[in-house]
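Listed after this line are the structures, all set down as structure tokens.
Paired with subunit B in one complex and with subunit C in the other, subunit A is shared by the two complexes that follow.
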Partner chain A sequence: MKPSFEMVFSGVQMRRYEPSPRARGAAAAAAIVGTLISNDLHLLLLAWLGILLPLTIAGGIARQHMKFVTVFLGPVTAALLLVWGWMVAAPPGMPVGSSPEEGLSFGCMVALRLTVLGGVIQLCFLTISPEQLIATVRCWGLRGEGLVIVAGTLALGPELRLRSDQVLTARYARGLVPNRSFSNRLRQLPFLLRPLLAWVLRSAIQRSEIWHQRGLLARLQTLPVEPCAGSSTGSAFFVFLAFSWLVYNIATRVSG
Partner chain B sequence: MENLTRSNETHSPTNPQLVLALLPLGIALNLSLGTLVHTIKAPIYVDAVGTILVTLLAGMRAGIIVGVVSFIVGGIFVNPVLPWFSGTQAAIAIYTYFAAKKGAFRTYKLVIVTGVGLGIVAGVVSAPVITALFAGITGSGASLIVAFLLASGKSVLQSVVLSGLAAEPLDKTIQCLLAVWLLRGIPQTLLDRFHNEALFRNGFLRGANETV
Partner chain C sequence: MTAEKREGLTGEWLGNLESSRVAVLEGNNFSGRTELLRELTGLVNQGQARPQAWAAVPRLAYVGPELYNSISGLAPTVRHELQLHLVEELKYSPLAEVIDSLGISPLFGRNPFTLSGGEQACLAITCALSIKPFILAIDCALEQIAPSLKMKLLDYLGDDRFSKTSTLIADNRLREWAKSDSRTKLSVNNQRFPKRRLRFDPIDSSVDLGIQHFSPYCLRLDSLSFRYPQGPTVLRNVAADLEPGTLYFLEGRNGAGKSTLAKLLCGALRPDSGLILANGNQSHPWKQPGQVVGYHFQNPDLQLFSTSVEQEVKAGPVALGLRGQECVARCRSVMAAFGISHISSEHPLDLPFVIRKRVALAATVAMGRPWLILDEPMLGQDNASAEAIARIITQLVDSGTGVIAISHSTWLHQRFPAKIIRLEDGLLSQ
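Up next, the complex of A and B:
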């Protein structure tokens, strides 16, 4: 089978250049602040098309990014353009109907800013390889109980989904749901929620008893801290890119 | 985030391991319910039921952690815009905690009043984020109200606050009713492990300490 573009530049390839957790965190913070203060439509478009899109493809998260852009941002963008370009027909601070072009441009800028913000967050966090996830959050200063909460959440999400699937499947198998129409699925919600909450509480009690027996809280304080490893080339590249973006946007803002 | 489970609140359970074990489950519940309701296309969000439940069961600090962390994790895996609304989740936990202290979840009539109040709080707290990040338009049904108000000459912040006050109380009332209905259906023996004053005060737990 001939490998696709995304397969060639998949996350596995990118891991050679995976930045260190600290560089990743610093780059994310700088890129987010830079995007929030950016008000240049063309620069935002260039940042998205020229930098973020290729990086999301190279990082193997292009599908998630496009899903975010189409499913979430699509309706938001349409609404922004409709409201600011046609209904209000002016940017904020100007009289209603005074400048449809500027209103449209403002709507585009807000939509692009959201796109870039979402892309930056996805690029910084979704590209962390699963085996590096816990080490990364530990390098960000999350220790002890905080680490248990984050690790537990990541582990329990799929388990909770499995439990709800089991309840629904059992109801389908017993013939309690005549068909899978919208109204029937909606009616299953009460039957799903109570067993799910009861399981959550029972599970919390069981886990707490096990942790108590094993002295988990005391052991958490003595866990050794692993070094925050990562590619120095990748770290330098992402930090340079993010801080250049931040500095340029600050300079643009200051110069008016 | 050290010592998250220390219980200096008046109605927290005393077992720190139990609170610590409940937090990831509350976060997962928050995320799962939101995703589930989104999947079956129900006309409500249900993104704060876990926050309300954990606040009632384990106190304000636990509720804030569940709300904020679930929106941060949701921001990474579900929708990158969610973390910006973490403050709203914290406000929901704080409001729920003080409402529960006053016994505002005791009857369904009181829960409706509490839900309306929670909707107002959530609407006001999320308005600056919607204004700054989305320029008032989030693509939801409430955006129609914002658009109408903007076209009538109101500022973006005014429009967002007013639309939030119109739309949020219904959603938050439904979420409060759902949380209370869920807690009322849980066996007493199970709830008794989360022994705290709020559960007695709001009638979720019955027994010798009912008048606490």
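Up next, the complex of A and C:
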């Protein structure tokens, strides 16, 4: 059935169990603090494998999360283990070479904290549906230039991906890439950067003209967005989970 | 026209605009239409200061040929883009009907940048109308919209419900779809604007391109299907026999999948199922892209990579193995034909849109592939240039090249013999 104008424009299409922007922000803050003060290696591992991974799968961002883990955290973890387990061979505050096991354990702890932190941040931002994006950011109290920057950046991400894809497509279409081998694709990177940079500069100038001409920046501040709605079940679930994590870690710290 | 608008407009323009709410600017490329439209909507032209008179005019809108830059880039969905522009509640606005009839409603949940060229044009113009501008300038954007929608849009622009908006249109193909158009015509000459740094030569279709295909290259599409990940099916069991040395004219509404079909043929995309046969043998354009079919994009900026026009034109032939004198001669003749020889050392992205389009077209033609797909080859070109480009296309067809032209302009196939193929609901009919 063709969606009618009124049907689509009158209501926001939300994902099931999408938490409200306030609950999302509060849960993310609690989870981040809880992770930063956590010093239980096994618990961090359990939180990542048992809670974050299933949530990233349910939120449809498992692929992005695994990419983050393998591309970014993999080399960082290797470097941390190398430095604390072998080169310094001791955790911070202890003499160099005094305890390679504890150094290794410290390296693992930092790597796991980064993994959980990354997962929490990805879960917090990447699962916001495009329909809820501006409402969420405004609900978090962002106004003025900050709102413009965040809205522009969040809208720019998909556009940048799209443009890179289009430029690569154009190179294929003009026969400038003989075949699709990995090395050939890798060689396209420098050629990708020039048109992208030129596009960014040209777009920045032309768009800022349009913003100024149509008074869009002022409109963004007063945009009649939908209220900070969300699923109450989803909100309660995420807030409960994050605050339990925070309270448990505070309790563990206090009890020593 | 309101009093505050009068302060901004001067001389002949004021008198002409008062008589009609929709006025058409007539003129050739480089006659100063773009500069005039930009000036009238308060934008800065090269070498000019910001027009102070416009400070008092609250709402002006310009939609240029680079449509993606007429989209704000601040909104994650089409719905937000419209909301960002609307100055009154939509259910009380005449715009609701425009949005529905231009087919924008089903696109509400999509990112504006993922729309096709025609869809982006409809969205950009609708958004510009949403701010209830006193002056709306549409510069070549209508050329990218399907004729039926163009007529609807033009009717809306002249509608009493938009009586506070004066619309100025620069459109090179206007006459072909509005033959008995009685709207005010304003002719433009470039005397009002400072001289350009560069001179732009006309296209010379009499130059021999030096491209000849002695062996015919038949293309057969057998049950070709394609859908974008997480998107609808674009092509369903498409089948066609395409003869070499023939000009085909691919028609279809905005977003019908014309560009997708072109990308499948040149190897930029891989079909989900089906075969592409070249001279009866199975061809795999996905594995060796651009070898049989060359593709000229609707948006020239996507396919310009080099630091000079000459390098840009040479890149394709060199990548496909052409060397020495043959390569130099072909590139020279192609550049001469498209009137870009004298700007061969210029950076392509420093040139105006019309010339960038020509450079991109020359770069595709210089590849010398047996088949060419030209997406909106006349975009932004005035009648004389479009005529010359059409003659170059017929020269290519005579040399054995198969050409598939994708265009909303009917001018090309009305004047030159072409076979029409139509893409509708994912199916191709010949």
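As a convention for this text, the second predicted complex is superposed on the first by the 163 of 256 C-alpha atoms of A that agree within 3 Å, B and C clash if a C-alpha of one lies under 4 Å from a C-alpha of the other, contacts with A are read in each partner's own complex, and residues count from 1 in each chain.
Going forward, a residue touches a chain if its C-beta (ideal position, glycine included) is under 8 Å from a C-beta of that chain, and two chains touch if they have at least 3 such contacts.
Every value quoted in this text rests on a predicted model; they were computed, and no experiment measured them.
Q: Classify the contacts of A:156 with the two partner chains as first (subunit B alone), second (subunit C alone), both, or neither.
A: So A:156 meets both subunit B and subunit C here.
Q: For A:107 in the superposed arrangement: first (subunit B), second (subunit C), both or neither?
A: In the superposed model, A:107 contacts subunit B only, not subunit C.
Q: Who does A:76 touch here: subunit B (first), subunit C (second), both, or neither?
A: After superposition on chain A, A:76 lies in contact with subunit B alone.
Q: For A:240, decide between first (touching subunit B), second (touching subunit C), both and neither.
A: After superposing on A, A:240 lies clear of both subunit B and subunit C.
Q: Just subunit B (first), just subunit C (second), both, or neither: which does A:131 touch?
A: second
Q: If we overlay the two complexes on their shared chain A, which of subunit B and subunit C does A:182 touch? Say first, second, both or neither.
A: After superposing on A, A:182 lies in contact with subunit B but is clear of subunit C.
Q: Once the structures are superposed on A, label A:216 by its partner contacts, choosing first (subunit B), second (subunit C), both or neither.
A: After superposing on A, A:216 lies in contact with both subunit B and subunit C.
Q: Which residues of subunit A are in contact with subunit B in one complex and with subunit C in the other?
A: Comparing the two interfaces on subunit A, one with subunit B and one with subunit C, the shared residues are 148, 151-152, 154-156, 159, 194, 198, 202-203, 207, 209, 211, 216.
Q: Spell out the residues on subunit C that touch subunit A in their complex, using ranges where they run on.
A: 41-44, 58-62, 64, 66, 68-70, 72-77, 79-80, 83-85, 87, 90-91, 96, 99-100, 105-106, 108-109, 111, 113-114, 128, 131, 133, 263, 266-269, 286-291, 294-295, 297, 299, 301-305, 307, 315-316, 319-320, 349, 363-364, 367, 369
Q: Which residues of subunit A touch subunit B in the complex?
A: Those in contact with subunit B are residues 68, 72, 75-76, 78-80, 82-84, 87-88, 92, 96, 106-107, 110, 113-114, 117-119, 121-122, 125-126, 142-146, 148-157, 159-161, 164, 182, 185-186, 189-190, 192-194, 196-198, 200-205, 207-209, 211-212, 216-217.
Q: Mind listing the subunit B positions that touch subunit A in their complex?
A: 1-5, 15-18, 20-29, 31-33, 36-37, 40-42, 53, 57, 65, 69-70, 73, 75-77, 79-81, 83, 133-139, 143, 146-147, 150-151, 153, 155-156, 178, 181-183, 185-187, 190-191, 193-194
Q: Mind listing the subunit A positions that touch subunit C in their complex?
A: The contact residues of subunit A facing subunit C are 2-6, 8-9, 13, 130-131, 133-134, 148, 151-152, 154-156, 158-159, 162-163, 166-167, 169-180, 191, 194-195, 198-199, 202-203, 206-207, 209-211, 213-216, 219-220, 223-225.
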